[in-house]
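Got a structure for you, written out below as structure tokens; questions coming shortly.
Going in written order, the chains are labelled A, B and C, and every chain counts its residues from 1.
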Amino acid sequence: MIEAYFIHLAILVGIYLILALSLQLALGYTGLINLGHIAFFAIGAYVSALLTLSGIPFIIAILLAGVISALFGFLLSIPTNKLKGDYLALATLAFTFVIYAITLNWASLTRGPLGLPGIPKPSIFGLSFSSNLSFLILILVIVLAVYFLIKRIVYSPFGKVLEATRDNELATRVLGKNTFKIKSIALGASAFFAGIAGSLYAHYITYIDPSSFTIMQLIPILCIVIIGGLASLRGTIIATIILILLPEPLRFIGFPSSVVGPMRQIIYALILLLILIYRPKGFFGKVELE
Amino acid sequence: MLKIQNLSKHFGGVKAVNNCSFDIKENNITALIGPNGSGKSTLFNLVSGIIKEDSGKITYNKQDITNLSPEKVSNTGISRLFQKSQLFDNLTIKENLLLAIDNEDTKFWKNLLGKNKTTKEKEERVNKLLKLVEMESFADKLGRELSYGQKRLIEIARTILNPHKLLMLDEPIAGVTPKLRTKISEILLNLKKQGATILLIEHDMNFALNLADEVIVLDEGRVIAKGTPNQIKNNKKVLEAYLGD
Amino acid sequence: MSSIAFQLLINGLIAGAIYALVASGFSLIYSTNKFIHFAHGAVIAFSAYVLYFLFSILGINFGFSVVLAIIFASLLGYLLDIAVYKQLRKKKTSSVILLIASVGLLILLESLILLLFGADVKTIGFIKGSKGMEFLGAIITPLQIFIIITSIILLAGLFLFMKKTKLGKAMRAVSDNKDVAEIVGISSEKIYSWSFIIGSAIAGIAAILIGLEQNLEPTMGTNLMIKGFAAAIIGGIGSVHGAVLGAFLLGIVENFGIWYLPSGYKDAIAFVLLFIFLLFRPQGILRIKRRAEK
């Protein structure tokens, strides 16, 4: 029993880790105030769910989930390229609302508020990952791959250009770098990984509906990225583990789920506010937010 | 080499650059001087592609670069130093410099697949440059840890690291110690020897007039005098412009 | 004009009146403080729930409950400013961080509502089964007429306040140029507080009207905020006049929009309009120039 609980937590940590690391790529390293990250998560989840429900193998579905999310990332970067600071934040936030409205209203595709139940557990080349333990192993492998890829990106010269763009976009352009292209790639890559996380989420919970992808879900991720510290992969990992595990004791005090849910959000919101006021650099952060 | 033709730019009701025209000779050190507000920095920003001109033409090596974006202007071979420090605060000095010579760093897939490793050759060049400006010990310090003068030196180093043909320097020695001033002078003269063309804005008359081959004087957005340092020193119009009307 | 079109117009004006109340309070706060106080929507939601609590649960006299709810709204807005925004202002943080903090506050307050009142829909039930009256071929209830009238009176009062009163003029001064305003002796901190007190009071009034007209649910704050914010952007953020114009435009477009689209898309219209304006016309229809932003 206890085992199942810890496996469940580990899986959640894994999914949040991918979300947080991918947001870190766009926000911490490139300086893109992307508050629409959840939209990419949603797109990945729905794409993967719909594809597998139509019989497409999981491995193709999850890759397409990433690719289509990445595509949306690219597309979003075009009109938002020249937006600064809060307008960028608002436009990306509005993007979340638009995706929410689409998933809610395009009922012929997404079944609207009824959501998509019965999403199949992953199965790769005949190997089924239906037990939670096997799912955990799958997630572990994917998390490691994602971490490795993101680390490779940020430690490479490309990563330095990302950071340069964050620190001073004009100076970066004057050095001959096309920052529009760089920002588009950063947002696209960030969206790719968020889409992968979305797919994993859909296949784990096996039911998704529009309410799983609102700005409420953004708060824990934003919290993790800021507390861990911008542009720190290590900080993100530590923050994810601590923040996901933090509200869990509430369950043991005897609160029902309907209480634990909002309390988690309250805790995350409070922590976010405290960090913004007292330690905006987070714990391992290289940079302060904006 | 660089040809400015009838360039104009206004901000609100003020004409910052007013039908300005001049030529920069290749392999010369040209100083652009003039009282505050005469349009020098605006002119630089127009050439760099940072702001858009109202009218006029900018030609570089027979190529029309009038409306190019900053990165495209840079890639034609024009390098730029700003008045305000533009060093990347959160990158190390070494990383700041490598950015200037790495041409493959915007190629995502190449970098992801690990095919764009910072070669020994690039590191060598950066180290040599740091040695030249006597700042080897600063290689791993973050941009924000340097003092203004140190930042200036590194930025000048960064400007010259890539073999650019035209260097546009906006007040390279402002706020810099006399010793550093001499060093920068040496560096610029050396660059000229290696074939570079230098255009600099400077308020320090001595520095500008001693270093330059040619001087162009701007006032209220247009050229009021042009000539050798000696000619400019004795030019009445220039004197008037500086002493105000 | 056909009676359907006229009905839609009436519905649009009713919606617009509500959005105008939301947007004007929000705009007042934005133009004075120069950042997006997203939690404004939560202040409205919370106040509506407080009214519900006082009237429907505790059984306190309706008029009394209304007054208390409005005071609560005002107080809540003021507290949010003192406890969070002021602390961030002290550190000279950018408006982006203030925006993120306000989103955090929105989620915090919404979660509190969820915790205290549960997720199910609540009704205030003060006005029971009011029949719609006929008015030039359209149906409109007395409450709805009341909403439009209250909204107009309140907005007119707000405009007069901004133009004629000392406090109103001081707010405009701070909005135009905080530093100059301080030089002539206006305390910007005091003005910030006042903008929250008054803006949130308007939110409180909006909460009462919305609570009577619609049902209460925990996420109503986010929804209203998006509408109010869309209205402010469409009209031109930074201008209370613009926000009101945008609000009525939004209300009308929404209602005419669902003539063609399925009614579920009503909210989507606001989201999409918001998104499009942010991307392509952030100064709004009236081309309001953002003043003195970082």
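Quick notes on this one:
Keep in mind that, in the parts below, contacts are C-beta pairs under 8 Å (C-beta built on N, C-alpha and C of every residue); 3 or more make two chains touch, one makes a residue touch a chain.
Small disclaimer: the values here were computed from a predicted structure and weren't measured.
Looking at contact counts per chain pair, the maximum sits at A-C. Using mean Cα coordinates as chain centres, the one most removed from subunit A is B.
Relative to the centroid of every protein C-alpha atom shown, the closest chain centre, again from C-alpha atoms, is found for A. One finds 31 Å separating the Cα centroids of subunit A and subunit C. Put simply, the C-alpha centre of subunit B and that of subunit C have 51 angstrom between them.
Computed from the mean C-alpha positions, the centre of subunit A lies at a distance of 42 Å from the centre of subunit B.
Contact residues of subunit C toward subunit A in the complex are 35-36, 84, 87-88, 91, 93-97, 99-101, 103-108, 110-112, 114-115, 118-119, 219, 222, 226, 229, 262, 264-265, 267-268, 271-272, 274-275, 278-280, 282, 294. For subunit A in complex with subunit B, the residues that touch the partner chain are 149, 152-153, 156-161, 163-164, 166-168, 170-179, 181-182, 185, 189, 231, 286-287. Of all residues in subunit B, those touching subunit A in their complex are 48, 50, 69-71, 73-75, 80, 82, 86-91, 95, 98-100, 102, 104-108, 111-112, 114, 116, 118, 143, 158, 162. Listing the residues of subunit A that touch subunit C in their complex gives 33, 35, 79-80, 83, 85-87, 89-91, 93-95, 97-98, 100-102, 104-105, 107, 112, 214-216, 218-219, 222, 258-259, 261-263, 265-266, 268-270, 272-273, 276-277, 280, 289-290.
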